[in-house]
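Okay, so subunit A shows up in both of these, paired with subunit B first and subunit C after.
The block that comes next holds the complex of A and B.
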């Protein structure tokens, strides 16, 4: 599958999906005009790729400054998908990076991770 | 105009917009709010909360205001496309500060038939504590998107979680089958 690289804009995050290395990154701001248009295709491709994996090492990095409630729904779905992939026998690590002092981001990261049963979750503080 | 400006100043209002809301307006005002908060040296958490409530409020107007102009569908308009793309929706927004608290207030018309649902949903959210809000937030996010929702249907909960000093709301019933809905959140 062809890698996906999308530059960040004021309202949408950088997306860097390296399917060969199984390294994935979502970084920046996330309040796109239309969440379904922005995330729909990339998430579909991601899911298709992940479902084909078997005993792979998957690293997913999320480094968001701000996301709106529509984006939260996408993130929640992503966590579910990644947990399923881990359940299927892959080693999945999700790294949630937030700015030092941003308790809200820390809390939401922790909340999203609460339902994970198979994937590993790491919180990382970005010191500024 | 000077009197109007003075009135806004007395109310602590830094930003005031009344008109049709578009995504471009959200981007522009949002950017100005960020800059203003930076100049004021608001702490990061406060600044992000104010910005976040602003985004959810404005997106509510863009998606749901009952005062709207329906644009002619463009040539590219596909059947089944949401009417969000073909409607210009009207709303009023103010952002300001009083007594060391920031406030973000939004007002727009809503259909009378939606008032009870909105009122009970907001009253329920208002009665929840931190943990209750968190549970409802997750419940809505992991469930199916509610009927009639164009986003995740979790916007009010998100506003409540960010509004560290609470929020208030009001519906003024008009005699044309609509009500005027106001929501003011304090950070």
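The block that comes next holds the complex of A and C.
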């Protein structure tokens, strides 16, 4: 599958999906005008790729400064998918990176990880 | 509290499963799956509501800090505006003027003034007193300048550099006329100030020398990218300064170029021609002797002096009871004078 690389804009995050290395990154701010259009295709491709994996090592990095409720819905769906992929026998690590002192983003990450049963979740402070 | 109903649905559902209320196993499994999905949905909703509240809170606090910053910037810009001519300040703040090192050539009327007796006074007065009198003088002159639409370029010691025609212009002729009207009004106001300086014990009240010239100048931002001045340069600017140097104290000396534009407005006496470095043509200076317009109507300080009479009235200070009393006194004098005539 061809890698996906989308530059960040003021409203949408950078997307860097390296399917060969199983390394995935979402970074920046996320409040696109149309969340379904922005995330729809990339998430479809991601899910298609992840479903084909077997005992793979998957690294997913999320480094967001701000995101709206629609983006949150997309992220929660993504966490479900990643947990299922982990349940299927893959080693999945989700890294939630937030700015030092951004309690809001830390709490949100912790809450989002509550439902994870199989995937590993780690919080990482971005030192400024 | 917020999710009481949802929690009740979940707890009732769990109770049903625990009681083994289902006869049909397939139905029980379906119900269990449905209940789990409902629990997940409940958790998602809870998170989304919390996220939305946090975002709102963050935005509110950002908006507040932005408001605070805006207020601070507004205050700062008001303070900074005092260091700039209002027209230039406005043209920068409205975006009409670029804050970059660019200049243009424009026909302007340039005004220079300085004070006779200033250096002498600096030796006689305490620095604090000198500052007070000088600031008072500049404030009075600036008020007149701004009322005539002038762009105040700078104050240099006791000197003032003012120009007309940029950033706003009413046309070369009208700009020159406004400048001359302003100069006449300044000299008239100087007479009032001299009186009050004399009254407050100043031995040699200052006298103002004025030079005016009209010609093409380079106007714009000069300096470095880090520190620039919106000003004018050129031979015609230097000529205004030279005319000012040749002007009589209390007088207004202008070049022929300005005189030609305002000759319907004033009477003037031609002076001896002069040459100025950087200007190829011979300069014909004209000293203003009178102005046809009656600027006296607009004056707030009236002073009349003859051998047998001295009258000084400050209309701004004459209010209420003071005014009634003054009218009564003057009418009394008039009656008596008419009776003796």
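The rule is simple: the second predicted complex is superposed on the first by the 128 of 128 C-alpha atoms of A that agree within 3 Å, B and C clash if a C-alpha of one lies under 4 Å from a C-alpha of the other, contacts with A are read in each partner's own complex, and residues count from 1 in each chain.
The rule we apply is simple: contacts are C-beta pairs under 8 Å (C-beta built on N, C-alpha and C of every residue); 3 or more make two chains touch, one makes a residue touch a chain.
Given the structure is predicted, the values throughout are model-derived calculations rather than measurements.
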item: Partner chain(s) touched by A:54 [first = subunit B, second = subunit C, both, neither]; value: neither
item: Touching partner for A:117 - first (subunit B), second (subunit C), both, neither; value: neither
item: Contacts of A:101 with subunit B and subunit C, given as first, second, both or neither; value: first
item: Which of subunit B and subunit C A:33 touches, first, second, both or neither; value: first
item: Broader residue contact with subunit A after superposition on the shared chain, subunit B or subunit C; value: B
item: First, second, both or neither for A:10, with subunit B first and subunit C second; value: first
item: Intersection of the subunit A residues that touch subunit B with those that touch subunit C; value: 66, 68-69, 72-73, 76, 104, 107, 111, 114-115
item: In the complex, subunit C residues that touch subunit A; value: 40, 43-44, 47-48, 50-52, 54-55, 58
item: Contact set on subunit A toward subunit C in their complex; value: 66, 68-69, 72-73, 76, 104, 107-108, 111-112, 114-115
item: Subunit A-touching residues of subunit B, taken from the complex the two chains share; value: 23, 27, 31, 43-45, 48-49, 51-52, 55-56, 59, 134, 137-138, 141-142, 145, 151-152, 154-155, 157-158, 161-162
item: Residues of subunit A defined as touching subunit B within the complex; value: 10-11, 31, 33, 35, 65-66, 68-70, 72-73, 76, 80, 99, 101-104, 107, 111, 114-115
